[in-house]
């Protein structure tokens, strides 16, 4: 069945899997001290432009968010997020599990508004009762957002200025980072991003790997004892090589960016197909997630041959549906989709 | 370099990796709802003799321990473990991170004594101040233990009787389960084990997989909303197929047990080699971990050609060293070790 | 200095203090097993109309909220509250400290709308991804609210119907309960309230006591091991008699209700004074907290002789100010305030 | 009935209660910003010899332990305690509730041995796997201990040296501090103690107050945002004056030390009575808790007229019983006890 359901429906990119196969017989130390992980770290450091960056490999997005946030925050501190942020909506209270509140700011197509963040912090700082309140301790944004949108260079720059003014580390959830950076509408590259936040992660699970996210502390060092914090969160892989080797492959010959770019091209074609047939989008997403308004009757019929997500009701007779491309989407999949419509 | 350092130094068993390769192009739903995971569950249910068992795949041991314990316990409850239990020693407070105390009982070569467990619970129940104390909520044992030892059939039977008397679920950490069940000294099989505890897991990371543990709730159902609990712990893999497919392969053609048996045979040869050369063992381990007393001078010299763990000081001039075999150990590795000694 | 700053600026009501004095020399068991606590429990059970109610005495509001919520919820469950709810705003993440998320619904003058609660739960129940989300586990409301408003009989009835439909225990924070029940606008009495929620507390700290809140599980039994849960939260007083005796006094001769009624009368006079002088209120509060719009110049001048809270900016030149009466407010305080205006 | 059951069976010392009465009508700010709390802080600073000490008033012992430990530790850090330490035994996992492990060292009549603490830390520091372990983050001792014993000047000095060597803050639980300092066997005074630990508390609940403990950060400043941490733990009293005023009274005219001394004199007489009658003590306690071996038949008979605690079985026919004196014990109580024996 044709699937545009998510970007984690496939296995790994063939080059990634091949590398696992090639290196399988080699014996290595555990817990990320293997040579593949070290090699991947070096390549990522170079790609980020921070030769001393602290880099850790974790297995999935929710785990990474929970571990980084808990590691950076003091026990009594809270994380600021858009109301639609993944940590606020779809992580089953993984952040609260470590005792931290998520302070939700309004979502503008998945993004927080820099001005609103600034205003919130100014109000908080001026509040006579602030010592009775959750103490904002970091800012969390997603890039791309859960709705496929991107922060512009000016927006991210503004957000990071606010963060530094109020001494709030900025954390960028890059579960789909490649799909953001390789969009035509992205106003910056990985190096610029690394210089405009305090910690971010490079998503592997959704961009070619079987599993794995690379956490990068570039502008600031990792929290003291972060290795132990990772272990405490159950996030330390005994065979750390599994993730290390995959990122080693992904950051060889520009693979990560090439396959991300492919997904964007597929998304562009998908947009054209829908647009040409007169469908509306609920928002203008420049990345691999597209949100199309479908008439419910059509939606049911299409659902017989194509997999996609029913996102939310749009009207009594229409539904917002999400179509996702990935590194694995083929041109012929789009041809087939076009025929189905 | 020759390595007997651990059972997670290699990649995956070739049959496991081959299966990942074969199935890589197939598109599947995420989060464990794929057909490989379902197939693996069916095979494991059959192997356990519990056709209705609830089965979940998690990525690593510490994560599995923390998630199962937190899922089974009420917030104010504690888990009873041997003092040497992995959760009490080497998991960086992953259990306490969810608010649970580990109540440590004395370790007898890695095991708790059933009589001592019974006595502890009798005393606790009789204690007038018990409402001011940590409430025992489950019992955790490892099989094999961290020291390679095994509970006998009588011991496990006794422990489970005590558990049922005091309404304490019994949880068996089987990170090295195969190496326990396939030891000549093991007095029972997987079916008997499944019937004599409430929840256990079948270790994959140390027995042929790249990562992954299979949690089995056989005698009792999984806690309500366990899926959400797994997610909250950051332990839900988006590409659940990665673990599902590996267990599918491991439970085909008896692979899991065949490769476990191989590791035991290698361990038996390793024991013979050391014993023939006059070395002492600090305890009699019937499984794949062997604890040998080495003179410090020899230890340093041997360390130049062979990897192994320095476990703990034995005397001023001697050290307990751990040598581990696995599914990946080759007969020629043992020949080489023999020469080095 | 004249103070309308809060309802916890005074010591205890003289009758309460006198009772502490009279009973001081008596020796009693600790932890709430004393005869004063037992006597208070009996009187409260009678006042509530639930002869078997489970009753616990805790020392303060935040502590009580955190303990009750954590005691009732499963680890992975969240509590629903108005956005302005005390637990969501002014408790420094005491709820999140136990791992629970606060799900914030819109606040309508401090209240949640029953229809919105119902809609939220209907949407949640229908959400295909709900297992990845915070699981609603209880509903928290304040009575009176933080803004002095009251739920009508119809509203509370509706909310409780929704709660039962979705199996959500309803918890009523009654830190100022007396001031709510004794308002002319309150459509029910203590017995009716006790029958229309699952757990509530009767605030003592703000209504005549030095400290102490009485938690009442009327319609349902207290969670198993609630005594231990209280201890674990550091909320178990060694000298439980301190709170027990105070509630014993407060529930003798109707004292709790008489002094609450007095505060309402004082609030009514305060309203008249402000209204007669042409001041506006931002909302119509029928209880002891009044929110008046003051011109900033006047506010500063008045602040020299009267204590009150600056609540929030109203416009560039005006501020919402909170004036609070209590059991301790005297008629002459109002005379003095009138002169100051 | 004659009671030697505990030191929290009475109300407050008459002078303390009188002061509450005298100051009752005064209006004060909440949360510890009242003048009584400030006055008490000044007096305690002077008594400790640290004019800049940070001082906080909390309501009870378990709460204070949990709040201080959580405030000082990083999330992944553990607290070292004697196996018999109150936090390890009788606090219903209040420390674990905030995610922290209690590392238990052997108890020698309630005390940890400085040499064993040093050895533990040396071993930990040398452990190659230490990053996988609970990270020791502070040391907790009780003074007097749960068994009434006292650390000598040399012992405490040694412990503090070890603490500084390994950068572990030292926390002294002084729930019964007065009874320790006023014992003839105590080798130091409050000033010396304050200079030989990092944070300690002065117990009020068991020494003359209705409730309340004074936390003193003398040698080091309080953790950043400790006020918020206290609130988050539900430990911030709205009417902070209740505890402030009591400590104000207790630290006037040396009251705290005079009434502590009285309890010690009563304990000395109690020891003489038992000793003269030929009873044995299980250990030599120089403070207000005495542990006597009673024949079970006598114990039952004595239990008809005297309240005391059954501590633990001593032999098949004998039980260790605890007799406690306090500031409230009267000479005639001891006369009466003597007659009963």
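Order of writing sets the chain letters: A, B, C and D. Residues in each chain are counted from 1.
Rule of thumb we're sticking to: a contact is a pair of C-beta atoms (placed from the backbone, for glycine too) under 8 Å apart; a residue touches a chain by one contact, two chains touch by 3 or more.
Please read these numbers as outputs of a predicted model, since none were measured by experiment.
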Other chains in touch with both subunit B and subunit D: A, C
Rotation angle (°) superposing Cα atoms of subunit A on subunit C, nearest 5: 180
From subunit D, the most remote chain by mean C-alpha position: A
Averaged-CA centre spacing for the pair subunit C and subunit A, given as whole angstrom: 42
Rounded Å distance, subunit C centre to subunit D centre (Cα mean): 33
Whole-Å gap between the CA centroids of subunit A and subunit D: 50
For subunit C, residues that touch 2 or more chains besides their own: 75-76, 91-93, 97-99, 131-133, 135, 228-229, 231-232
In the complex, subunit D residues that touch subunit C: 1, 3, 5-6, 8-12, 14, 17, 20-21, 23-30, 59-67, 91-94, 97-98, 205-206, 210-211, 228-229, 231-239, 241-242, 328
Subunit D-touching residues of subunit A, taken from the complex the two chains share: 70, 74-76, 98-99, 131-133, 135, 224-225, 227-229, 231-232
Contact set on subunit A toward subunit C in their complex: 75-76, 78, 89-93, 96-102, 104, 128-129, 131-135, 310
